[in-house]
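Below, each structure is written out as structure tokens.
Paired with subunit B in one complex and with subunit C in the other, subunit A is shared by the two complexes that follow.
Then we have the complex of A and B:
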């Protein structure tokens, strides 16, 4: 099941800016057959869900802090999912149900909350273990309201309270969101801008748990995590120039990737996890090369004078690659078959960079400055283009310089880098729903080049 | 290295000249005439006069100048930097920098100064200064940078501009005269645009500069390229003059 959001219905303020430009760019398109993003429902047909504060069922002093973390994380996860109409906690009934028998459905389904769904449960700390029982009820089914019950039992820590909340939220999102797995357990890899250089960092999808992966004391860029979350490919400055590096997230150290001369940047994983595409100038001119995941069997798939960079595979089919080429002047967005044949140009001008292919293979999001040049109006913003029709919409407006969009595995969110004043050092990481709504910062200044894990 | 070389060439003749002059100066002092002069009652109250001229007043670095001085009623004459000299005389000098020659004439009637300024223009330096050769010496950074100058690029372009051709040819001449020198070409971009694309653009710029050197006869194996994209910047202002500084191919000794 797909969530369909007719963007034309989404409200004049969002559409107004897009439509003018849209008509200019695609004169053949009719205004009524707007394309549907696999993203949010319209506000009217979102499921209204209430989340009860969980009941503390133990006297252990750690119960209260764990419960605070858990309650906040669960509410944020469901709110961030973008498919729910959240009932404000202020409208919840006074009673705090910990078990099915303690839930009075009428209290939740009636005014003022009018919830269709209720998530609730209890939380216990015992012998340094954190035990959480979570329930999801359908208030319209008064006879058999329970949709599911889950128990989680982990070593007690603030982090495990957060991770349990993520897993319970993902379970709810999967049940109520058409079977598409939630993203509360996904990670975002990014570049941390420090005093002495740039390192690769990792954080949870909601910006929590930010920590360093590399300590190379160099300039490391473009982290790309493998589809199975086992390895991280990135590019790092060495004495010989930028080289592709491979880091094992399981072994916690770098693993082999065959080096080559020239500038080697912007790695991308094939969905099979066996191949990597990247830009290499080992032949003198930067072209897109494809190799095995250890750098062996490298071969060139583009051959044109000028920069070719930032490849990304179609994650659905693995049969196509989108990338950026400067073969005709300013960088433009192109796609080709994975063997280098069937080249098509998708953008018609301006300065286009940093593509990311949607998980369903239908769209590509990228950064675009449509009127690039000294004194030109507008700036670099995030766009989504439907590949089949080449129709596009603009997702960011007047928020400063935006770059490096990366699609979440559920296709409902896009993480990107944003610099409010355009300065590189002030770049931070932001996330938004795939229709441009609900923008919020995940890091403070000093985060760049985010890459969302595949699952 | 250039200035040091030139100084070395200068100091030797100067030292000899100074040595000679001081000897003659001493000789004069101890001459038997001096007491007689001192005893002459009429001359004692007359103040000395002094003039000093230089020909030419402006030279290129490495050329020489003739200093000419005349004094009257002086018993001892000295020029700063040269020392004691004859009361009247000429001296050929080859200063490495613009210099004030300050003459002091001392006599029984007092002391008088005279000055002349010689301006030294540092013009284009010789492409292959003497003293360096293909004996494995890569030369100094200063010498290298004076001869091998960075190449600048237009916006979003990696074509070597016509105005950079002369400096590329000068660089190739220097490198061909110093066959042991190895070069790293760094490719740089201004801060606009996307980081990944700029890394490839910087690579293209470094390669274009390398190709220009190779076309001018420098062996390709002596030149290595590294792109820094916009990851390293020469300046950080948001204006075109700074952007232009950052759109470059930078040459450095590859040690």
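Then we have the complex of A and C:
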């Protein structure tokens, strides 16, 4: 008995120790991020690229700040692309080549950089014009090292320095990416939560250059940019309720979109840019309607009882629409042909919202609360499902409430809205690689419903 | 009694009549039987010999009967498997001895391929001093197939793949593009799909064009490996790829890609 008792005591002590250890370690564990373990066959074969600081070849005092912006933006763009093995700038040689003749390939291809590609060039400010010459060289090819040379000539401003860096980065990615389009010039449209309401804002893909598009003093939601970047569809609260609005980014003002009464939300562009699908309750029950881009010729393509919202076209074929339907109770993810036939349910339960179709048409990403209900474990996270196999993976874990995922046009990134503590006012926009790695915030609190432009 | 007397008389009369009737009946019956037999025999000959009308039935019978004969194939298979089991016994001995040799051979092959890589720069280092137009002519004159091939030859991780391009000038000028192509092919080459037993030490060669916009055209299997799974994996690898990225120059290039399977993985 004594022996047993001592054992029991020891056990109790052990348990107590564990509990204290756990309690003590809990804050530390909470502060730690999710651990990622991944295997990627292609990872070791990524092209190792060195980016030289560009050579300032003018004495203009504005040269230095432009050059700083340009160098930082170019390096970030190339590392964000996710297809390069970046050589740290600390490993770059001392010499700063500005022209092809000034580049000593051996310095870059050798240790410690071991770069197989070098991007370099020079930057000049002349008469308030910013002129950038950019070069890309292949260090393995001593005979013909130069891959391309580009000259950019823009009005001198910090923004144009950034845009030139984006264009140069996209050019490098299009040459070396093996068919992956660059996204450095793409934009993200989102909802800015302000004091007086919600307006539509625009920013560069890396979170820079945030500025307002609409000034309606109302509540505007779910911006969706057209495939040719010319128009922006969104839903806005008017005296008649939520209506679909159309904003021309070329004209800088609202253009006509025929209203119809009822609640009209979540517009989506067909990849041909000629049609818009949205959810409308003009007939009493929220259904998916398809109309021309000016709101004419609207017709209903779903007619089941229960709400149907958040349509999104297959951007590759334009022949299918994924959407969220509550016809069987909680909202689930469905796909159908663009005429409303061939309905398939993709999710098997939980609470699914806001789908976004990958550019190659193979996957759909959506927000999903798999165990929805009081006291259920988990929360709302971002998932990706392969349409053909209906296999899914979870991309976000324990990061708070996540919603509104949107694919980048290269299909390698997903932008989404995240609220670390679940409060709507604290929602911010985050981006990540499409495998869930490399998450980072693009905006501070107050950004919601992001939509990545088509190109 | 009167009835007994009268009965024999009647019996006599009845007997003669009945007898003749019976005889006639039997003769008729026999005759009918003979006729039927003759008719049926004659008809049966036609029926049996006429293959056109009854062939289907015969064919179905023949095809139905082989179902039991499946037993003999099993016996044959058993025999065959015995043969196979004998063969593997022989081959392991061969393999047991060769394994050093194949590696030696492979290493020799690799080393023999790599030296050209080293030799290639030495002739190419001189040209840069000269204007660019000159390099194509020395190549055309010398026909440097050896330095050309290694520049576009690419070793794959598990089971080597080799990329060959017809245009030598493209291969030297845009070697980086070919590296991207080889890399992309390798990333889409899934060896899980390959039956390791039948594909071992075999190689499939596919030929395809890359068009100006980077898309793939005219994909075909140039040399079948003899393993359908390896052939299929090689074809699917290229089919899986939408675009290699726009060509740096020209409207199309032709790529020959050799998929090897040397795996000792499974």
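Definition applied: the second predicted complex is superposed on the first by the 413 of 455 C-alpha atoms of A that agree within 3 Å, B and C clash if a C-alpha of one lies under 4 Å from a C-alpha of the other, contacts with A are read in each partner's own complex, and residues count from 1 in each chain.
We adopt the following convention: a residue touches a chain if its C-beta (ideal position, glycine included) is under 8 Å from a C-beta of that chain, and two chains touch if they have at least 3 such contacts.
Everything numeric here is computed off the predicted structure, so don't read it as measured data.
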With both structures lined up on subunit A, is it a clash or a fit for subunit B and subunit C? fit
Regarding the shared-chain residue A:265, is it in contact with subunit B (first), subunit C (second), both, or neither? first
In the overlay, answer first, second, both or neither for which of subunit B and subunit C A:117 touches. second
Quick check for you: in the superposed arrangement, does A:240 touch first (subunit B), second (subunit C), both or neither? first
Counting only touches as set out at the top, which of subunit B and subunit C does A:79 meet: first, second, both, neither? neither
Answer with first, second, both or neither: which of subunit B and subunit C does A:229 touch in the superposed model? neither
In the superposed arrangement, which partner chain does A:142 touch: subunit B (first), subunit C (second), both, or neither? second
Which partner, subunit B or subunit C, touches more subunit A residues: B
First (subunit B), second (subunit C), both or neither touched by A:175: second
Smallest inter-chain Cα gap (subunit B/subunit C, superposed on A) in whole Å equals 34
List of subunit A residues in touch with subunit C within their complex: 41-42, 45, 47, 117, 138, 140-144, 147-148, 174-180, 360
In the complex of these two chains, what residues of subunit A are touching subunit B? 198, 219, 221-222, 235, 237, 240-242, 262-263, 265-266, 279, 281, 284-286, 306-310, 324, 326, 329-331, 351, 353-354, 367, 374, 380, 403-404, 422, 424, 448-449
Touching residues on subunit C, where the partner in the complex is subunit A: 121, 124-125, 127-128, 132, 135, 157, 172-173, 175-176, 179-181, 183-184, 186-187, 214, 241-246, 248
State the interface residues of subunit B toward subunit A in the complex, per the touch definition above. 155-156, 191, 193-197, 199-204, 207, 225-228, 230-231, 238, 240
